[in-house]
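A single structure is presented below for examination.
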Amino acid sequence: MLLAIDWLLLLEKLVLIVIIVSVSLVIAMYETYAERKIAAFMQDRRGPNRAGPFGLLQPLADGGKLFFKEEIIPNTSNKFLFILGPCLAMMTAMMTSAVIPWGGTVAVFGRSVSLQIADINIGILFVFGVVSMGVYGIMIGGWASNNKFSLLAALRGASQMISYELAMGLSLIALLMMTGSLRLSVIVDQQMTSGVWNVVYQPLGFLIFLVCAFAECNRTPFDLPEAENELNFGYHQEYSSMKLGFYLFAEYINMFISSVIMATLYFGGYDIPFVNEAALIAKGNNWIQWIGPLVLIIKVGFFIFLFMWVRWTIPRFRYDQLMNLGWKKLIPLALLNMVLTGALVLWLKK
Amino acid sequence: MNAIIFSAIFGVVMMFSGVFFSSKQLIRNLAIGLMAALLVLNAAELQGYGLFDINLNNMLHFTSFGLVFNCIAFAATFIYLLLSARDIEQVGVNLAEYFALIFFILCGVGIATSFNSLLMLFLAIEIISIPLYILTGSDKRNLKSNEASLKYFLMGAFSTGIMLMGIALIYGATGTFSLDAIATATKGFETLLTGGLLLLLIAMSFKVSAAPFHFWTPDVYDGAPTVFTSFMATIVKAAIFAAFIKLFEKAYLPSVASWKAALTFIIVATLFIGNITAVFQQSVKRMLAYSSIAQAGFMLFALFGYSDFGKEGILLYAAAYSAATIGIFAILLKMSDYTFDGYNGLAKREPVLAFVNTIFLLSLAGIPLTAGFFAKYYMLVAAVKSGASLWLVIFAVLCAAVSVYYYFRVIQAMYFKTATTEDVTTAPVTINFKVILIVLAAIIVLLGLFPHWLFTKVYF
Amino acid sequence: MNWIFLQVKNPITDVSSAGSYLPIAIQLIFAVLFIAAMMGLTHWLGPKRNTADKLENFASGIESHGDARQPMAIKYFLVAILFVLFDVEVIFFYPYAVNFRQLGWEGFFAVLMFVGFFLAGFFYIIKKGALNWED
């Protein structure tokens, strides 16, 4: 009976998972490099330049260093939760990539392999579900540290993330009304066939989503959980060694993943602009499928650059401003966007 | 349908009235006006002028019994608001919200009298209960109120859990939530069905505070702000009885004979515990809490002897009991001292209040010429007609005799004792307050003389 | 042994079967193993020289007074409760959004009513000052 399982398919998925997780880890590492380089560029400095050519090996050195640091668990903390916090944060960061379509179907060793790990029919809901688990990592870590700074930061982080999750969920509804499906592969397919990216129909929705993505990732101007000048180091104040590394990694992976989600939902995913892939594939040019993921990475690179650009440009919000923006501006705006979209689509359909 | 939809809308209106208006007078009058409107709208549906025609998939079923019951509940609430709206102001700052919660509870009452599906029953009970938890704890600075609220919430949540488990078992046995389908379901999962019905019986007994599931009642009634105790002990309790009787009439009917034993036990325990414990109370408020348990014992007879007679009886009982208890609580609210001694010499100070209070107490005790007498009479006749053992009826009459003792203690204090200390006082009452109380007493006496006019609508 | 994902011919690629979640389970296992390995590795590699001072809570160098197990501002709690309320309402929009075209204008007006309820609650909490952070 067990033989009925397509073992090759499972193997293929396993390889894909290992590749995608590794790629996202490497990208997360090089995001730290990019952040420092971009900061340096904007502030007219050089940035890291000692380890390897242009300092390219710097992230490896940083990562390697984390392994050899002493683990400190404060004696007033809750040991189990203290360890669980960063693990949860890292796990949620690693799980989101499962439903993202990284590309079409490519041929490897005579097999046609889909570049999506799991093509489930509630794709985007899965992403939301996993992302909202991320708040536990912060909350548990901050609370278990038993440090007032950590607790405050965790509280701030948790209420910020849940507040912006509302607006994020609402802004997405307008998009889903147009696509009629929660499957990410279908959403990308629609954009590829029509040739028009969703951002053209949903500029306001995209803007709200972008702002919320910044807040969900705790990036400037919404980086209150890590506001150094009031909270020392934020919710991971008591952490050291790889546990600290997990929090930092999770944050950069989240940034990467939310860039991917934005690119997928609003910018056509792995769609190559101005190229009709379907026609080319019909002529037998299957190599075009290998270009798709690269295009996606380029789009993602742009968003990551945007994250960093904003970080070194816009100052931090005050907490009440942050909450007011989330609740009193973005939520009504997203609702309005939803109702307008619905009315317009129905009206044009007639 | 009118009642359910409009009470929900009026609740929202009341909620927002607190945001827009700052005048307490205005909010109070708005609440009373909306309550009158709700009463009229419900009466209109009873006359055949339903404003909504919604396909409910038979989840709700509006019968004249339910609508008449709504009328009684809404009229009682209307009188309650007229008498006690000023006292609601004393509880806390969120005046508009208190009224809003009362309207939401009435929405639950509307569903409880018309449900035709166990899901709707669950919804009704929850819509009634959740605002009550809040109202119980609305005196935020008072530890007793907080304790009562928390206790009520925990116990209520527990019993709701039991209820849901019961519903789940019934669904497992019959494959449906619909009461009609449950009544005619093909048997085959007897154990499952019996277990479900038993859990449901326990949960409902808890909600109507029948013994042995009554433990929360005295503490909650005692701890809650008195003005809300009045509402909880009357309208809410009667509404849950209406739901209970409907449930019994449908779901328990096929196996009603086998439930008689359980019901007999509950009735005997409720009557005994309620009446005997009430005798030993020193505080009138607490005495009324136990008396409400005792009265619940009588109302349970409607289930026992389920028939048209029982149905009429429960209507009359709900009306008589609600009217009398609301009146007693309205007067209790004016007292500075809630013990029996607080009533000393009331007849000298406030002869009108003492007189109407006497009528209310006589009605609760079931003395002839008051509504309470016929209410108890109908219940016992229904029980006898359904073939109840005679000893149960005799036991009930004996318990009613015991109840006379503690009700008459209040009357004795009012008329035959003099206030010993100077600080036993009564808050000043307006002439309107007295007029309304007299009207209420008149209703009770009229119902005691002509109980039939309450039922005319049920059959036509 | 009748596994759910064996019942369909190619379960992992069929979106409507539970088998399509199997790769997610694999990824979860992979993530857990990865994290466990990393935690174990750092625990093994890092030095262990604990001193009493090191294990104290960090409070910018000054001696820390008390711990963080004390009541926190009620506002955070309020935000959390309101989030639960509104998030449930938001989730109700999702099934509508997916079936939006089939439901047409009738469904649209029904949802407008729901949006009305949403806004009523929203307006109420704002007017009541539940979201005011600057006391």
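The chains carry the letters A, B and C, assigned in the order they are written, with residues numbered from 1 in each.
The definition used in the following text is that a residue touches a chain if its C-beta (ideal position, glycine included) is under 8 Å from a C-beta of that chain, and two chains touch if they have at least 3 such contacts.
All values reported here derive from a predicted model rather than from experimental measurement.
A.B. asks: Work out the mean Cα position per chain and let me know which chain is farthest from chain A.
C.D. replies: Ranked by distance of C-alpha centres from chain A, the top chain is B.
A.B. asks: With respect to inter-chain C-beta contacts, which pair, B-C or A-C, contains the greater number?
C.D. replies: By number of C-beta pairs in contact, A-C is the larger.
A.B. asks: If you average the Cα atoms of chain A and of chain B to get two centres, how far apart are those centres in Å?
C.D. replies: 55
A.B. asks: How big is the gap, in whole Å, between where the Cα atoms of chain B centre and where those of chain C centre?
C.D. replies: About 42 Å, centre to centre.
A.B. asks: If you average the CA atoms of chain A and of chain C, how many Å lie between those two points?
C.D. replies: One centre to the other, that is 14 Å.
A.B. asks: Under the definition above, what is the set of chain C residues touching chain A in their complex?
C.D. replies: 1-2, 5-6, 10, 12-13, 15-16, 20-24, 26-28, 30-32, 34-35, 38-39, 41-43, 45-50, 54-60, 64, 67-69, 72-73, 76, 79-80, 83, 86-87, 90-91, 93-94, 97-101, 104-105, 108, 111-112, 115, 118-119, 122, 126, 131, 133-134
A.B. asks: For chain B, which residues count as touching chain C in their complex?
C.D. replies: Touching chain C from chain B are residues 12, 15-16, 19.
A.B. asks: Going by the contact rule at the top, pick out the chain A residues touching chain C in the complex.
C.D. replies: Residues of chain A touching chain C: 1-2, 4-6, 9-10, 13-14, 17-18, 21, 66-76, 83, 87, 90-91, 94-95, 97-99, 114, 117-121, 125-126, 143, 145-151, 155, 158-159, 162-163, 165-166, 169-170, 173-174, 176-177, 180-183, 232, 237-238, 241-243, 245-246, 319-320, 323-324, 327-328, 331-332, 335, 338-339, 342-343, 345-346, 349.
A.B. asks: Can you list the chain C residues touching chain B in their complex?
C.D. replies: My answer: residues 120, 124, 127-128.
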